[in-house]
Every structure is written in C-alpha cells, then in structure tokens.
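Have a look at the structure below before the remarks.
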Amino acid sequence: MLIHVVNPNTTKSFTQKIEAAARAASAPGTKIIATQPDMGPVSIEGYYDEAFAMPGMLMRIVEAEKQKLAGHVIACFDDTGLDAARMAANSPVVGIGEAAFHAASLIAYKFSVITTLSRSIPVIEHNLNRYGLAARCAKVRAAAVPVLSLEDANPPARARISQEIETAITQDACEAIVLGCAGMADLAQSLSDEHGLPVIDGVGAAVGLIEMLARNSLQTSKVGGYSRPLPKTYTGSFAAFAPHKF
Amino acid sequence: MLIHVVNPNTTKSFTQKIEAAARAASAPGTKIIATQPDMGPVSIEGYYDEAFAMPGMLMRIVEAEKQKLAGHVIACFDDTGLDAARMAANSPVVGIGEAAFHAASLIAYKFSVITTLSRSIPVIEHNLNRYGLAARCAKVRAAAVPVLSLEDANPPARARISQEIETAITQDACEAIVLGCAGMADLAQSLSDEHGLPVIDGVGAAVGLIEMLARNSLQTSKVGGYSRPLPKTYTGSFAAFAPHKF
Amino acid sequence: MLIHVVNPNTTKSFTQKIEAAARAASAPGTKIIATQPDMGPVSIEGYYDEAFAMPGMLMRIVEAEKQKLAGHVIACFDDTGLDAARMAANSPVVGIGEAAFHAASLIAYKFSVITTLSRSIPVIEHNLNRYGLAARCAKVRAAAVPVLSLEDANPPARARISQEIETAITQDACEAIVLGCAGMADLAQSLSDEHGLPVIDGVGAAVGLIEMLARNSLQTSKVGGYSRPLPKTYTGSFAAFAPHKF
Amino acid sequence: MLIHVVNPNTTKSFTQKIEAAARAASAPGTKIIATQPDMGPVSIEGYYDEAFAMPGMLMRIVEAEKQKLAGHVIACFDDTGLDAARMAANSPVVGIGEAAFHAASLIAYKFSVITTLSRSIPVIEHNLNRYGLAARCAKVRAAAVPVLSLEDANPPARARISQEIETAITQDACEAIVLGCAGMADLAQSLSDEHGLPVIDGVGAAVGLIEMLARNSLQTSKVGGYSRPLPKTYTGSFAAFAPHKF
Amino acid sequence: MLIHVVNPNTTKSFTQKIEAAARAASAPGTKIIATQPDMGPVSIEGYYDEAFAMPGMLMRIVEAEKQKLAGHVIACFDDTGLDAARMAANSPVVGIGEAAFHAASLIAYKFSVITTLSRSIPVIEHNLNRYGLAARCAKVRAAAVPVLSLEDANPPARARISQEIETAITQDACEAIVLGCAGMADLAQSLSDEHGLPVIDGVGAAVGLIEMLARNSLQTSKVGGYSRPLPKTYTGSFAAFAPHKF
Amino acid sequence: MLIHVVNPNTTKSFTQKIEAAARAASAPGTKIIATQPDMGPVSIEGYYDEAFAMPGMLMRIVEAEKQKLAGHVIACFDDTGLDAARMAANSPVVGIGEAAFHAASLIAYKFSVITTLSRSIPVIEHNLNRYGLAARCAKVRAAAVPVLSLEDANPPARARISQEIETAITQDACEAIVLGCAGMADLAQSLSDEHGLPVIDGVGAAVGLIEMLARNSLQTSKVGGYSRPLPKTYTGSFAAFAPHKF
C-alpha cells in the first residue's frame, strides 16, 4: 500500500527525517511518499505559523489523492489542518499528534508530552481536548528548544529534552512520554532506553494507524463534519484551491 | 475608539450587512471600519473553507493594526483564525461566535445555537469546548440554509430558521437562542419578538466586548500561546506574511 | 444609560471605591448609581456571610428596578445572590466575578485568580464550574488578606497580593490574573504594569458587559430558571420582600 | 442520638410531613426534632425564594446547635443554605437533595430526578455539578406541580408525578427515580411498587447519612471552605446573626 | 438487621480487623457476619490480584444471600467485584472505597486519598471517575506500604501514612483524608486527632450506608446494568457459579 | 510477527469467527493464534459473567507469553480483564472495544455503538470514560440480541442490528457505527455498504493496533498501574495463578 506523509513546513531536511521515521515503522509492502509545501513557514511554532502552513499542505493532500492511496499522515505534532484535510481527501488522514496520543493510551494509564516551545502548549492541549484524550495526559511540557534546532543531531537540545522527561517522570506520575515534535522522531528509542519507560514518536505511530485503517477498509466518514467541501468560488490567488476544481 | 471588523469571506454584500450590525450596536464615539480579504472562499462552510480564508483575513488584521485600534472583530461564526489573529495583533481580538456564547451565558442558564449547515456543527462544538462554555449550550442545530442564501432578505431561509428555533425551545429546554452565522445578524430582533426569548447575534455582542476590553485597558496577553509570532522565513507566495515583516 | 452597581456588604467606603472603578470604565453617556444594603455583614468572607448579605442586596435590586435601568452589577467577587437577582429584575444582572472570568477568557488562554482568604476558594471554584469557565482557570489562590484590609490603600496587603501573582505566574503557566475581590479594583493597573501581563478587575468588566447587553437590547431570559418569582406569602420580617409586592 | 431536621420554608404542615418521614427511617435510639423558620417564604420555588429562606433557616441551625446533636438535615430538595449551615454548625449537616443523590448512586447506575416546577431544574443541576454526581443523573424532570399542592394527599399531583416517572423510565434509561421535593416523601414507596424500580425520598436518606456520620465520629471539616465564620459586625436587623454572637 | 462484610482477600487476620471496625460503627440491633474467600490472593495490590479475588468473593456473596440480609459490604478499598456482586445479590452492596468517598463528600469540599502502593492509584482513580466523585478528590497518594504490613499494629507503616497525610494537607488544599486500605481501619481516629481534620475509614462508613439503605427499604435496581445474571452454562471448575445455579 | 487473540468466553465457534476476522485484517507476515479459556461462561453478558471469565482468560495470556509475541488481543467488546492482562504480559495488550473506539475516532467526529443487550451499556460507558473517549461517542445502543444468537449467520439478529443503526443515524447525528460484540465481526462490511457510513469491527482494528505498536517497538509501560504483579501466595484452586509462578 502507498502512504503519503506530508511535512506541513517547507524545510526539506525535516521532510527527509520524517520520511526515514515513517519508512522504519512501516509494514512489508508499504511504500512511503513524503512531500512538503512550497509556500508557508519553515517551521511551525504556534497558531500564526499554522494558519500559513495549511493552504500549501492541503495542496499536497489534494495532489496526492490522485494516486491510489492507503492514506495521508500529517507530520506536524500540532496536527496542522487535519480537519480540513479530512474533508479534502477520500482516503483516511491521521495526524502525528493524535497518533502518538492514541498509541500512548494503549500502553500507559497516563502520559506526559514534551514539546519544543511553551507557545505550543495551548495548541496541543486544545487538540487533546478535541480528541477526548486530555484525561489520559498528565501534563504537556516544553523543553524550550526551537523546532529547527532539531533539524540535525543536536546534543544540547537532546539533553534539554531528556532533562524535561526526568522532571515529568518525577512530578507527573506519568507512565509514558510522547515526543511533541516531528523533529524528535530519531530520539525516541534512545530516550526510552535512557529513562526506562515507553517514549513515543508520532510519525511511526501514524503510519501504523493508516495501515490499520486500510487493512480494515476504513475511510473517513463523509456524512457529517468531514463531508466533501461544497463547490464554490475561491477568490484571488487561492482560485485553484476551490473545491470544485479537484 | 476605532474597531476593525473583518469578514473572513470575500463576499462584499456580507461585509456591508456585518458593518451595519456592528455600527448599530456600538457606543457613542465608536467608529467601525469593515474589511474582507481579497483572496479565499466566498463563504465559509466547514473546515476546508476556513483554512483558505485564514491567510487573507490575517493580512487584513495585520494591515489594520497600523492604525490605533480598540480591537478587531472576526465576523464569521466559526471564529476563523481567532488564535492566529491574537498572536498577530497587539489590540484585542474577539470572534462573533465566542461573543455570542459569552453574551448568552450572562442572560440565560442554557442556550441553543441555530447555524446554517450541519457540517458546521462540529466546528462550533469544538469552539464551545475550547472556550469552556460547552456546558452552557443545550444543543447546536442546523437550519439547512446555505450561508449565501442569507445575503439578502430571504423569507424561506428565515422561515426555516424560525422553525428550528421553535424545535429548540420545545426539545432543548433552552432559555436563549444564538444565531450561528454572521448573515443572520438582521434577523435577531424580529426572531426574539416572535419567539419570546432572547435571540443573540454575535456581531453586536463582539463590538460591545471590544469596547468593554478597551475601556478597561485590557489587551491580549503576550506571555503564552498568544505571544508574538517568532521571526522566520515564509516560503513562496506567503513570503510577505512572515512575522518579521510586520 | 443608567447602571446600578450594588455592593452586597454594608461598608460605605467599599461602595465608594467600587463606584469610582465603575465610573472609570464606563462609556460616555453612562451614569452609575451605587448602593449598599442597610442590613447584613460588613464584609463577605465565605458562605455564611453571603447568606445574610442576600436579602438586603436583593432589596436594593428591587428598588433600583423602579427606574429605567440598563442593568445591575453585583459588586462582590462571589457574585452573591446573582441568580436570585436575575429572577427579581427585568434588566440584566452581571456579577463582577463572572465579568472578570469572561473578560480574562477573551485575552488569555488560562488565567489565575488571586482572592483574599482561602475560605473563599471553594465559593469561587463553585462559580467557575457553574459558569462553565473552570477549564480556563489555572488556579484559584488566596493572598491571605482580609477583605476590609483593602478598604484603603494598604501597602502590606498589596505586597502580599503582588507576591501571590508572582507565584501564580511561575507555577500555574497562567497568562492573565483576575483580582478576586472588589476591594482590589484600584490595584489592577499598577499590578499589570509590575508583572507584565493583564490584571483584571471585575467591576469595570461588569460595567462594560452591561453596556454590551444594553446596546444589543438583551435582557435576562424569563422562560426558565430566571422566571419571575411566583406570588406567595413571605412570613415575618421578610413579608415586604414577597414577590407579589413588587 | 438527636437529629435536627429543619424545613426551610415556613409551612408547618410540611414540617410535620417531613418529621414523620424522618422518624420512619431513623434507627432505634434516634430522636428527631423538626423545626421551621418563622420568617421567609411559605414554599421554595427557585433562587429568589431560596435567598429569603436562608437567614431564618440558619437561625434554627444555630439554635439547635446548643443541644448535643448528631447532626442537621436540611429538608428542602434544593439543599437551601447547605454550605452556610456547614460553616455555622459543628455537627454535620446533610441536605435531602444530596442525600437522595448519594443513595441513588449506591443502588443504580443512572437515576432521574422528578421535581415540582421547571424553574427548579437549574438549581438542581447546579447542585449535581457541585456534588460531582451529575454524571450519575440521566435527567432532571419537572412534573409541573407546585410545591404546596403536595401539602396533603393530592391524587392529581401524584398522577402527574407517576406519569413523569413513566416518561423517565422510557426515555432516560434510568434505573432509579429520585423524588425532587420534600413534599413527595410519602409517595416513595407506592411509586416504587407501581413502577418496579427504586424510588428515593431524600428525607429518610439524609437521616441515615447523619446516623452513618455520627457512628463514625465524623464531623464537618473546619480547615477550608467550612471554617467557622469570622467574627464581624452584621448591620441592621441581622445584627443578632453575627458570627461572634453564637 | 444482619450485614455481611466480605474481605476479598484470603487473609483471616484482615477479616478480623475489618469485622471489628464494622461492629464498632454499627447501630444498635445490627449484627455483622464477616467472611473471606477460600481461594485467591492473600492481598490485593493492583488489577491482576483483583481478577483472582473476584470469583471467591462472589461465592461468599451468593452464599450469604441465602440469609435475610440488610446488605453486603465489600471490604477492599478497590471495591473489588462491586458491580458483579450487585448483579448477584438482591440486597444492596456497598464497597468501602465508594463508602469513604461518599462520606468525605458530605463533610469536606475536597478530600485526598492515602493508599498503600502506587500501583493502586489508577484503580482508585478509575473508581472515582465511575462513581462521579473524581471532582471532589484533590489527589490520590500512596504511602508506599504493602497491604500486609498493615496486618498488625506497625509503627513504621503508620508513620509513613501520617507523613503522607501531612504532605497532602500542605500541597493539596484537602479538607479531609480518606484512608485507602481496609487494613488502615484502626488508624483513622488517632490520625484525625493528630492532624486536626476528618480521617475516614471506609469500613465503618459502608456499614452505615447499608443501614441507611435498609431503613429506607432501598435495594439495588434490577432494571439495567445490575439485572440478575442470565441463566447460562459456566464451563470447567466454575460450573457451580453459573447464574441459574443460585 | 505472532499475535495471540483470546476469546474470553468458552464457545469455540466464537473463537473461530474471531480468528477469521483477525486473520483477514492482518498484515503480510503476521500469524494469528486464537484461544479461549477452558473454564468460565459460554458468553459474557454483563459484569457477573465478566468476573468469571477473567481467570481462565488470564491463564491463556500467561501461557501465550511463553512464545515471542507481538501482542495480545482480548476479543470481547467489554475488554474483559484488560488491565489485569496488561500487568501479566510484557507484550502489549489491546481490547477490541478500545480498538474500535480508537479507530472510529480517527475517521469520524462522533460514533454510536450498537451492542447486544442493554445490560452491557453501563459496562461500555464505563470503558469509554476510562479510555477518555466518551466525548467522541454519541450514544451506546442495544439491539436486544443475545450474544450467542450471533454464533452463526442469523438474519433476524442482523435485521435488528441494522434497524438500530438506522435509528442511530437518524437520532444521534453519528458519523460512524461501532459494532459492540465480537460476534458481529462478519457483519461490518455489509452493514457499511447498506447504510453508507463506516461500520467498525474491533477485532480487525485491534490486530492493526498491535501491529502498529510492534513495528514501533512499543510495549506496555511497567512503571505504574501496569507493573508486574507482586509475588504472593494465591490460596486454593487459584494457587497456580500466583504471580511468582510465571
């Protein structure tokens, strides 16, 4: 099966890191295609960046739908544009934030989240509330590392994340850790070994959830909030995105 | 004081209707400027339209901030881009959805919402949950009238809305009605007279809330989720929206 | 428009402080009348005092209704007798506690409350739950200053409040502060300047909310829990308060 | 042991009915004293009546405390003045509303409440939320019978209550019924027999809860919201209620 | 009346301690019979032990039902098998965990729980959520004392419990303490004296709740989740437990 | 990879149906082993049956752990013994109820559940609350078909389930349907085709979730509520189940 993983920011090195994580967790026979938008922010840190990341990312979703897909993974922990993407696509769409929360809920009573900057905490808490899984999250924490500091191996950034995990274990009574940024995907295994509890990266979890949905022939419901967008004019430079054009 | 009211869709007749409603509810000495984006959907019906309405609307917010403002009103009931706008602006921002929910909470124990299409119900329920006011809402209902059918006086659309209000009163034990679309602003008073309970339009309520904040010298907090966007590159046609450019 | 601000305790110097705060936040053309009951406690610190403050305060509400009013403000942070006042009055009634919570919700993701004594914490938490805004409140804290210590400028009391704000910012990840006593109204601006985040006084916020409701022609719903009290005999010294008497 | 049952309204025939129900459910060796205030409303139907019932009822609580008591029962389903009474008394205080909710929670997964008038529904829902037991209540319903219609055996009132129970069983999937007015105490057994599920009267339940607390030497905690009222002046006709006077 | 108290673990000295606590809190005329299963774990520490304690305990419930009972008390703080027991019995069943939570809710705004081992915290939090009383619990804490260390007077175990109570009072703003293990029943009074707030043992509370239900002729509802088990074959060594056999 | 699917009831034809559903949804290279206990009820309908199904099922979990497993699926919709199994096993354990809820949450805003008998509704609602996904469930409904009526193709049972789905779509505004019994696994596809929205069977979803966890090297956390059971004596016929024996 073919899974489309879209990185909603425009930084290609991030896309490559995400693609590697997706591939590593995929089943035999699954093929990954990874894309990123050509317009929008180089990283997503808060609501404002999210707003400008959505159109470019949705364009990638719409384009990828032309192939026969098992589904799409949105590879930003804020699950940028997830609901809009579910309207635009016929195949299922999973965000890496929600994927990590669902995976954590299956192996731990309570989990804590370690994200990058404190400005992302409200975004993540909003999502936890919408998904219904807020009750399973002990605390959302920020390690105070900017997103792009995670582009490459960065020992000081890893150290700060590790320290925040230690604080979470001591203070939150959490049983698992969710890594709150796609850029942390390569750290999950070593942090789990270091701290002796499950550390979850959402990219691999999301790939597994798309595979699960596909093997059960499950697609996004089209009878309510995720109905196909209604045909209508889009004005100005967004004209090509108008729903009746795809 | 000067209040900027932005209609997030690109339909000018809607902007005019909204401007009139805003002016009618404003205090002596308040001046209203009303705008709409020049790119994006002609109406917002669900998550997909919302995603493409945000950039154009945020551009209007950023431009209007160059004047000395009391604040901004986002005049779509879905409160499109509200969080992003709060990051972008220094003056306060209020959405007409949240404004109507807050107003209803001050005069009724439980209110029901009558929106346009059923696909908007999850959007509104998400917002109610985020604002914390879901417990005050008896039910979100759709009258099955498309947004643009409300552009002008439209007796059949008004009749369907009135009928759904009747159903809400009978079945939901609600004590007030919130009209769930900016295009219904001109119907509030006559529907209230007809049904004998408060019927709330969010445009006027939002103007009053901005005035309240301004007279108390209250502005959006800049210490958490609504901090100023961080300087960074925005790629492609969004380059001009990059945070360090304004 | 004319707004009635009632101080539910019997201390006149408090009424004067409240009247000044109300006037300072009111729109051009708004006139404030401020009253206090002639029977009941000199300050309200917990449920017992509240019970004895209600009858005298409701008498002031009933009397003030004889004039053409925009609405009533109940100027005790516990929102003493708010529901009963809504039954007794035709014009809208807003409590300063709820006003502050609503204002804070419009400019911050999470707020903390600093009240006087710890015995008032459950009262305030009950109200937050009833209004539906508990999810927006990070923590309710007490500065351990008695209500009447706030009658006049009192540097040690202000210092304790300021210290508790500092603790709230550090420990609660709050983005705004709500001052939890009408007697703190004169401290809001200087505490905001000192701590660099919004500090909200409910008196001014409540005046703005009444103005907002009035300009939108919104009054308390009379179809449910806030219906007019039923005619009936009140025995003994409360005979004059019987609903059919007004 | 000695239990004080206070009827918060001033109707003596109600007090007698309540006293009989209390006595019938009490353990061997328990003695019941029943009182009512000499000022306030003849029945409590909504928030306004409640406000004027509290002072007279609290006076009875304070007087009864001069005897060695096992505790107090507040015999109005709205649990009028319960928190204030807990501050005023050293011995425990239980409301018949909360007593019925707790009893129902021990024998059924979900219960529905049948009260008198619809205006009491918000009062009861507020209480369910405060107690934490809202999740156990399927629905609060009103039978549209005024409180004083329950003074004596009243076949039409009983018929309306019975009909509303039938509706609750059919529509709410409830497993037990809570009778939402002290005046319904004499109907519980026959309605249970008629409908084949538990029907709970709060008066008897509250007596049993006071006995339970007393036999376990449990009294109201005095370290937080239920601390003893602070000494202070009460102005005017309430002077005698000032906390330092008792 | 006759109350059956079942200790779900197989340790007889525990049963004796529980029986003494039950007797001490019972009303004149109440007779206590105490039992324990003859198969299953010697103590219950977490979900796995619970699963193996249930069949033996349910056998004791079924046997005891042959007598005319006021009801059953399940004397493990996890309320092991409570729902299954309610299906099996006609007379009411109360767990000591829920009993303690209900009792605490009547005398304090917020309570904290002190249990034995941290692995029992999720079990207790699950129960608080199911009963609806989670909102009343400030925090569930573990004193890190194994269950069987409480078999006899054990000064070091008592010291650790007392220390955790001190931490709860300082950090949780709790107004009462619930002891989270049947083996702590003999410590409640002295810990209450030491710390100056109510300390609640569930065994005595549960006995009082059964007495309350019995004097009000209340039994478990048989119309929903607690209906009589359906007749069916039980295979293997559990054949004798099949519902149609009793 | 090897996945162990345990049917917690003792009916072998059910095990075969479950095994077929598991196999159909599994990835290339996944091998399924299916077992059922040799003691306990022939079907699970409510809490009492659950209690007697757990020991036999846990024995199968413990035995299967001797092989190198990807994980276990508990194939009863009540997720019988799920927490105990997570303590007993090192490899992850997923219940088919929770699996279906998680899958539904990824493709629909709200789902309704159609189970067999109404007595199972509270069990399922408890689980939804524990998992945190109650907010995503519109309603749990019963089709009034006994579990064993689903052993073989049974047109009248299917018709009743289909009818209840129709009612759910009309009344609950649900966007997907979850089938609430392992015995309905073979009906999902045809019911989805018939009703035009996703219909989810938990067996296939659970297999996919185990595969997802395994490919991400995620196992149940052993630092909290799912810690290994402590060594201790199990008395009587359960001696062999004692934790130190495996």
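Chains: A, B, C, D, E and F, in written order; residue numbering restarts at 1 for each.
We take it that a contact is a pair of C-beta atoms (placed from the backbone, for glycine too) under 8 Å apart; a residue touches a chain by one contact, two chains touch by 3 or more.
Keep in mind that what you see is a predicted model, and the values were worked out from it rather than measured.
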{"item": "Partner chains shared by chain A and chain E (touch criterion as defined above)", "value": "C, F"}
{"item": "Repeat of interface A-B, chosen from C-E, E-F or D-F - more than half of residue-number contact pairs shared", "value": "E-F"}
{"item": "Distance from chain F to chain A - Cα centre to Cα centre, in angstrom", "value": "27"}
{"item": "Rounded Å distance, chain B centre to chain D centre (Cα mean)", "value": "44"}
{"item": "Separation of chain B from chain E, taking each centre as the mean of its C-alpha atoms, in whole Å", "value": "52"}
{"item": "Junction residues of chain E - those touching two or more other chains", "value": "109-110, 118, 121-122, 173, 224-225"}
{"item": "Residues of chain B that touch chain F when the two form their complex", "value": "118, 121-122"}
{"item": "Residues of chain F touching chain B in the complex", "value": "109-110, 173"}
{"item": "Contact footprint of chain E on chain F as seen in their complex", "value": "10, 37-43, 45-52, 54-56, 58, 81, 83-84, 86-88, 118-119, 121-123, 126, 129-130, 146, 224-225, 227, 229-230, 232-238, 241-243"}
{"item": "Touching residues on chain C, where the partner in the complex is chain B", "value": "25-29, 92, 94, 98, 102-103, 105-110, 131-136, 169, 173, 175-176, 189, 196-198, 200-201, 204-205, 207-209, 211-213, 215-226"}
